[in-house]
Amino acid sequence: MSWLPTLITANVEEGFDLAIKLSRMGVKKTQPDDEVRAKLRPIYENDADSLTNVSHVIATNFQTVAAANNYWR
Amino acid sequence: MSWLPTLITANVEEGFDLAIKLSRMGVKKTQPDDEVRAKLRPIYENDADSLTNVSHVIATNFQTVAAANNYWR
Amino acid sequence: MSWLPTLITANVEEGFDLAIKLSRMGVKKTQPDDEVRAKLRPIYENDADSLTNVSHVIATNFQTVAAANNYWR
Amino acid sequence: MSWLPTLITANVEEGFDLAIKLSRMGVKKTQPDDEVRAKLRPIYENDADSLTNVSHVIATNFQTVAAANNYWR
Amino acid sequence: MSWLPTLITANVEEGFDLAIKLSRMGVKKTQPDDEVRAKLRPIYENDADSLTNVSHVIATNFQTVAAANNYWR
Amino acid sequence: MSWLPTLITANVEEGFDLAIKLSRMGVKKTQPDDEVRAKLRPIYENDADSLTNVSHVIATNFQTVAAANNYWR
């Protein structure tokens, strides 16, 4: 089973969750080691600018997911 | 009730407010601890570059919301 | 009266001005204190990279405004 | 005469030049003082990362100009 | 054989993998020396902000690949 | 002869190469001095984050080139 079978979601909130997943997978595919990522987590989770940057990546992926779903109109 | 039931808003200003909400939720979903976020707030709220970056995330999300609403034409 | 009644502008230059306004409102909605923002202004206004970043936010918002106006074709 | 009468250009290269102009105007509208900008110029002109960031803003504005011109197809 | 014969992929997951490939090729075309890139890898792979930035580039390329594939609808 | 006569390319790979060219021209138009750029090259070519940022600019320009070519479908 693919971790990303489709960009279509039942509703807007699930679409936002998918954008978060895509953002995390962009990291995971670059740094596949779970332990390293776990060690890095408290760093960006406690840094205001890091969190803003994470939110920017989510926003970029949400553009894709929203367009794929015709904005759930 | 979903925190994000729709991308459709009554007018442009509400669309901009929704873009702000999406930007904040991108942070909140990454750092769910209210206390930590409250501690970080005065840091980015008093840093010119941090505020510019926050505005960039809002602009990215506003692109999505505006497209969803056909630009309120 | 809304500060953002419409994305439609009479011409391209007014559209660029609206993009600037949206960029500033993204900051103002995050840091509503006029005094704090006034204190931060000389910092980013005298920093080359800060100004480039501000211009990036304007460019992102201008994409939205230009699309809304069908590029004033 | 407006500094930005139209987004339509005669060809692709002029469109790229317009994207550069938009990027600079984003800076100029934020820092209107010619002397200050002249003082900042050697800073970002001699910094690799600053130049990359400037190129990113130009790329963002070029997306807008190219779409406005239907990609000069 | 081209390293990039098409943007069309069989499914969404392969599209995301192509976005990763495009992001890496953007680096490789700028720094073609395999040894240098190998030396830089542990740096960004162990830095939270670097990984977020890599994920941002992937998200940008994924927008292109997803649009090319009509979002695999 | 223009350095940028068209955004149309024969295939996807040439489109990616054009995106690289656009990214470099964004730098060159800002810093036209060949010697200065040559001096800056080893800096960003040996910095992981700089290379990621360059790849981001390429990705942004590739969005434009890909759209211009209807994604070479």
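Chains: A, B, C, D, E and F, in written order; residue numbering restarts at 1 for each.
Keep this in mind: contacts are C-beta pairs under 8 Å (C-beta built on N, C-alpha and C of every residue); 3 or more make two chains touch, one makes a residue touch a chain.
From a predicted model like this one, the values you see are computed outputs, not experimental measurements.
Peer 1: Identify the chains adjacent to both subunit C and subunit F in the sense defined at the top.
Peer 2: Common neighbours, subunit C/subunit F: D.
Peer 1: Taking each chain's centre as the mean of its CA atoms, which one is farthest from the centre of subunit C?
Peer 2: Result for max centroid distance from subunit C is chain E.
Peer 1: Measuring centre to centre with CA averages, how many angstrom lie between subunit A and subunit C?
Peer 2: Distance between chain centres, rounded to whole Å: 27 Å.
Peer 1: Taking each chain's centre as the mean position of its Cα atoms, how many Å separate subunit C from subunit E?
Peer 2: Distance between chain centres: 31 Å.
Peer 1: Would you mind pulling out the distance in Å between where the CA atoms of subunit B average out and where those of subunit C do?
Peer 2: For subunit B versus subunit C, the centre distance works out to 15 Å.
Peer 1: Residue numbers in subunit B touching 2 or more other chains?
Peer 2: Within subunit B, the residues that touch at least two other chains are 44, 47, 49, 53-54, 56, 60, 63, 67.
Peer 1: Can you tell me, using the touch rule above, whether these chains form a line, ring, star, complete graph or other shape?
Peer 2: ring
Peer 1: Ring chains in order, subunit A leading off, subunit E next?
Peer 2: A, E, F, D, C, B
Peer 1: Which subunit E residues qualify as touching subunit F in the complex?
Peer 2: 2-8, 22-27, 29-31, 36, 40-41, 43-44, 47, 49-50, 53-54, 56-57, 60-61, 63-64, 67-68
Peer 1: Which residues of subunit E touch subunit A in their complex?
Peer 2: My answer: residues 11-13, 16-17, 20, 44-49, 51-56, 58-60, 62-63, 66-67, 71-73.
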